[in-house]
Each structure stands twice: as structure tokens, then as C-alpha cells.
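The following blocks contain the structures, represented as C-alpha cells.
Look for subunit A in each of the two complexes below; its partner is subunit B in the first and subunit C in the second.
Here is the complex of A and B:
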């Protein structure tokens, strides 16, 4: 499935246009050719000019483009029109939302707990015994609680508690300069919040691209309200990957001093945002994790974490269309 | 409505046939297929196809209708597809023989296969096509069956996840 890396990140300003069968990026110090064959996804982190003619080409070949503003804020996605569509699936997806929302949302919440458990267990084994209560709760209680809920609101309360207690563990795992008291979303007001927001947005956009390559309708979601964002299904499917892709990357970067407050955050903005080197460093570490492979236990094939996101899309289709139980990606089971 | 591809897939794998018919087409996943499609789109001019009633013919001459396949990997499926063309043409009063050309021969000793259908066989095929249509109207696809062909199938991940 695909190449190890078919994502291009653009950090400088410049023009994007089509020449013959290539995408050309013209910036101050020269032209860069992006072969269409190896490109599936573009990230633009700066001011880019592009033409309708290029968009037409991107649409034809199904290249998704994500745009970010100067302050790392996500602006939106160019979502090519020529996507895979199946009338039968769309109808079934809407019915599943109407009739069986908890059958999909419940496993997502349980999946979050399992994957957080996986990530934190590592620290527990290395001497952080204070984690025990939370780990036990994740392992023994969450599943039972999630199975007992009668509506989505109760389920969301459990999810909220999982994350809140997770954030409280940061003071045990991270150096003081990064530990946080509360999670602030927009705008992030300290380094750790900046990393979380940036990481979550990257994962969200990755998920948009993966879902683009399935037949799922991006607007019909199950855990999140369908109206929450235009691609709210991506919010749903990215949730279980946050611990293993976003948080694990953050912990590794911070604890191995690949990212430090002094060097990688914007001093002018009171260290509340990554600077350009910080952003590049984080993206590199994040991409590396995404492209890491493991032996998939059901498929008996090697598979990258990025592919695992798409595979969760397939699981969802299979649940919706054929009634197979939906169990999102679990780091421990490798499936 | 049936098409040549659907008949081909029905012979190849019924599950694939059902999924494909309902537009759950995962073929685009393969990088080669995607690029092939792109190039095809970008330089559309060139070879013309004759298209009518669910069939797209590679070539139609006074004697033969010709179908060109990349390889002879599933000859039975390719033949079923060609027979479908013969039946559709027959209903329009166009009587032809079928000619199947395989660009790569891996499994068979020859690369060109010809075939003909008698009136009786044509009637039999029509009964079979009605059965395929009923099959396609089922609520659910048949479950996957592990076969050697699954390994290379675009649906592998979907089928066995």
C-alpha cells in the first residue's frame, strides 16, 4: 500500500503550478519538482499562490491539500471532488448514526483508554508507580462504564474524564517546563498545549486524507456531533490514534530534548507557539512514527500506522455494511 | 444493469463482484492503477472504444469482437466477459465470434483464444445473467473466502480486516 512517504510539506512562500505532468513549486532560491506519482498529500504552512488549473490536476489525481495560517492555525483542506462514493454505503452510514450510534462511539472511547494504557504502562514499568490507580481504572473500569451508558452524553462524560486524568499524569512524565495544569485549546497558552494542538491537528488532517481514500462520508460522525466540523468523522477516527501517534511523539521529543522550550518556541509569543524549527522537528518525528510499520495481527502483513488509520475506515465500512463488530485500532493487539 | 466487468468479476469472485457493483471499488488504491488512470485522463485522445448497453468493445470486425487483456491470469473470467458481449450483440442482430487476446501469457500455451456460442448456449447464458442480477440485489455481499487470488486482490484488506 503506497510509498513510505507520499506527503510533502511546504514551509516557504512560493507559487505552485502545473508543468507537463508535474507539480512545480517555485520559491526564491529555485524551482522544485514534485512528481505526481509520489505525491498523495500536500501541507502548506506558508503563503502559497496556486491556480485553478493546478487544482484541476490535483482533483483529477486525487491529491489532498491542507492549508495552515502563519500561526499554525488550520485553515482548511482542498478536498478533491472526484472521490469514491457508494450510494448504498452513504445511506447505511446515515442509518447507523440514527439507530446505532453507541455501537461505534462506545468502542472508540474504549479504544482511547486502551491506547493510553499502552503508552503510560511504559512509564509505570520504569518506576512511575503513582500511575497505578489511573492505569487500573483504564483497564478495568472504563470498558464496563462505557458498556453501561444509555446515551451519547454519558459516554462523552467518560471520555472527558479519561483525558482529564491523562493530562494530570504529565507532571509525572514530563520535565517541569512542559508539565501542565489545564488543557487550553484555542489559542494554546503554554508549550505543552501548543504541541498537543499542533499534533492533534496534524493527525486530524492525516485522517481526512485516509478517509478520502475510502467510501465513507466525512460529515456523518458518531462520537462527535456530525455538525461539529466539516470532517467530523475524522475527529472520530483519529481519537484512538492520539495516544500512540501524537502523545508518544510529544513525550519522545520532549524527554529526549529534541524539542526544548528555549529553542523551539516563539519567544515573542511567550512560548505559546512552536517556531519554524520546532514545527519542522515535530513534523519529522511525527512522520517517522506514522511510517513505522508493525506486523498486523489480522492481516498477517506489515502495515504502517498511517495505513492503520485507513484500515479503521475499512472496519467502519464493514460494520456499517455487513454488521461486523467495530473495534478500532488497539496498540497492544496490533490490529 | 449488467456490464462486462461485472460478469467477469462474478466468475472471478462473487464477493468482489457484489462490492464492485455497489460502487465499493477499491481498485484505485493501487498506485499503478491510479497513475494509469491519470495518464489516461490527461491524454484522452487516441484509441477509440465502441460503447453500447454496458459493453465497451476493444475492436469489432466483420467476423470478430475482440477483447484485449493484459494477462491470462483468469481466463475463465475473461471468457465469460467476452461471451457476455456476444450475447448483447446477438440481441442487436450482430452475430460475431469472440476473440480474446492476452498481451502476456503466463498460464496458457497460446495468447489468442477464439470462441463461439450456439443459440442454445446463448439462451443458457441469459438465464445465468438473470441469476447474477438477483445475486446483486441481495442485501449483503457473500463473506470472503480465502483463496490464492485474494493475495493480490485490491479488496484484500477490506475483506480480511
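Here is the complex of A and C:
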């Protein structure tokens, strides 16, 4: 049975154009119709020809397109003209950045710790008792440390330590071929780093799309420095979802041998890049996780993880405009 | 009791030759083309009304026949298929 998803990943070469107010992807073996009303995002991983006529239509209905280069590197996003604009919120968001940045960045760091704890606790319960120190540290110390910091630099140091110690635990839960010494980016230098980079990029782009559907300004971020030329708010909001979406997908794929070093990585590049089958397998697992639903405790209804990302955006708006405490998504509380 | 929230639909149509292309054009905006004259996919209740209205206008009510089946989600029915579909129109990876 087909899985329902409003996202399409295009891996073949072909032309993407508009016909009858809808999208058609024409490739060698025929036309592929994408329903315009049930599409939210497109990912382009190959050489694809687009026309401005299509872009016009996409802009009108607010479909976001992400482009990737030959080495899975993120090139950019076709970001339709903002439809949800709010000057009031933008001003308030900038003010919040100036005045109480820590009030938003702090909870994000605590959220990361909580979600990592949730993910790793599963392994602890199944006999990995070496994790205990780290888990205790996450549960007891991080929140205290995060509350005590005076500026953003100290907070970032804590965040760095959380991730560094998290990577250390990989040798306990992943097979040896996926062991990791150090997180290396741009470019990643071994299979596990490649998986993390690819997963993070996917999550990052997903978050851009979700933020697009809120009134938030993508360039004003709180934990990360609001740098030029990038949508840094998406880095902030995606952070707490990394353990539950990216890393759980990785653990699932690797431990259940859906992805192996020999079969799913490019040998020519020292196994530091996923090959096409690897990418597809990973994307499928990742999409499935995104569309999985859980019972949301505040909303009292089922909600998918993808929706949860947008809900975090709404929470941020509530905090900025109404001063409600910002508590990012937490796996344990399911809200 | 609230009415259930239908979010998934299957549409079959049997229409005169002249109007086939017309119906196809309308359906493909909303749903995925599953079989020759069958569309199905995720659809919001609002979009469903829109689709139904458009189709109503396009068909000739004396000769054409269109059926809509609505379910809560794609996991609320069981399905079996035999034979070869060629390209799968519902896959998330093209």
C-alpha cells in the first residue's frame, strides 16, 4: 500500500513542468503526475529542467523546492514569496533576540538533552549499562548547567559537550564498521558521518518548509548566530528533533542492517558518501518516521512528527508575542 | 458522535469518451493516478468538496458515473493487488 506523504524526492533526470494547473514530471519512461493539492515539498537530487512557468505555479500555491548537488550537498531552496508576513512578529522576534535570547536558547539545549536521554534510555534498558554516567549527566546536570549560564557562549559549550559525549556512545550501540571517532563535516570522512550529515540536511530542509508555513522570520535565530545568507532559525528548531528523527532513523537502518557499509556507500570515495540505493533507503525510513503519529498531550489528538516541527514554530510565536514559556518538543512528554 | 474525519479518497469514473480527458485533468490536481480510471490519495475534507464540485460540473449526469470512496486513512483498509503496475505513482521517490 502506498504511503501517504506530501513530499516527493526526485532522483531521475527529467523535466519538471506545469500542465493544467498541476505538476508533471517527464522522464524517459513516461509522465509522472504530481497532484498540486497534495504536494508540499519537492527534493531534487538530479539534473532536472524547470521552467519559470512552473515556478510561478509553485509560488502561487506555496510549494517549496530543495536542490541538492552531485555530492548530496545542499545547494539551496526555491523559497516562494512569503505569504505569511507579519511585521509585528518580525519586530518582536528581533527584540526577543536582543533581550532574552537565553530564554529561548536555554530550553532548546535542555530539549536536546531530554530527547537524547529518551533515545539512549532504550539501549540502557536493554543491557548497555555503560551508558549510565552519560544518562545521569543528561538528566540531572544539563538542566542545572543550562540554567546557570550567563551568556550564549557558555550555553553553546554545553551543547557541544552534549553532542560530543553522544557520539562517544555510538561505539556501544552501533556495529564496529560504523564506529565513529570524531564528527567530521564538509565533507564527512566515514560512513557514520555521512549518514549524520545527510540526515541533518534532510531535517534542516524539512524545518525550513515548516517554518515557511508560519509567520516566523527565518533569519533571526536564537541558539545559533543569525548569520547572513542562511536560514538559521531552522537550525535552531531542528536541533531538538535530531535525536528522535535523524539518529533514531540511523540506528534503525544500521542495526537492522537496512544500510551496510559494503552495499550502500560509495567505495571510490572511501565509503564516505551514500550511494543512490543507500540514499533512497535512508529517505524512505526517514519519511516513515516523519509521518509517524503520536498522541499529542496538549492537543489531545494524534499528530505526526512533521506537524510537531511546525507546532514548535507556533510555540515560539506564542513565546515571542505573549511571553508564554518556550518549551521545545519533548519525546517523553509527547508535546 | 462526531462525523469521522475522512482524509483519504478513492475515485472511480466511467465517463463518455469526450469527457475522459476533462475528468482526468481535474482529478490529477488532487489525487494520484492509480489505475486507468482510478485515482486515489490523501485529500483534506475541504479539497474533497472542491473536487466533487468540479467533477459534478464536468460530467454529463445522464451518461456518466463517478464514485467516491472515502476512508479515514490509507491504513484503514486492506488491499491486495496482482499483476504489474509499471511505475508506482505513489512512491515518494521518483
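Everything below uses one rule, namely that the second predicted complex is superposed on the first by the 328 of 335 C-alpha atoms of A that agree within 3 Å, B and C clash if a C-alpha of one lies under 4 Å from a C-alpha of the other, contacts with A are read in each partner's own complex, and residues count from 1 in each chain.
We adopt the following convention: a residue touches a chain if its C-beta (ideal position, glycine included) is under 8 Å from a C-beta of that chain, and two chains touch if they have at least 3 such contacts.
Just so we're clear, the structure is a prediction, and the values are computed from it rather than from any experiment.
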With the two complexes superposed on chain A, say which partner A:299 touches: subunit B (first), subunit C (second), both, or neither. first
Next on the checklist: Touch test for A:8: subunit B only (first), subunit C only (second), both, or neither?
Outcome noted: second
Query raised in the report: What is the contact status of A:84 with respect to subunit B (first) and subunit C (second): first, second, both, or neither?
Result: first
Next item on the list: For A:33, select first, second, both or neither according to whether it touches subunit B, subunit C, the two together, or no partner.
Entry: second
Check: Who does A:124 touch here: subunit B (first), subunit C (second), both, or neither?
Finding: neither
Q. Touching A:21, do we find subunit B (first), subunit C (second), both, or neither?
A. both
Original post:
Which holds for A:311: it touches subunit B only (first), subunit C only (second), both, or neither?
Top reply: first
On subunit A, the footprints of subunit B and subunit C overlap at residues 1-3, 21, 36-37
In their shared complex, subunit A is touched by residues of subunit C numbered 8, 25, 28-33, 41-43, 47, 73-75, 79, 86-94
Subunit A partner, complex, touching residues on subunit B are 22-26, 28-29, 31, 34-35, 38-39, 41-42, 140-141, 156-158, 160-161
Contacts from subunit A onto subunit C in the complex sit at residues 1-12, 20-22, 25, 27, 29-30, 32-33, 35-38, 280, 283-284, 287
Within their complex, subunit A touches subunit B through residues 1-3, 21, 36-37, 60-62, 84-89, 213, 215, 298-299, 311, 314-315, 317-318, 321-322
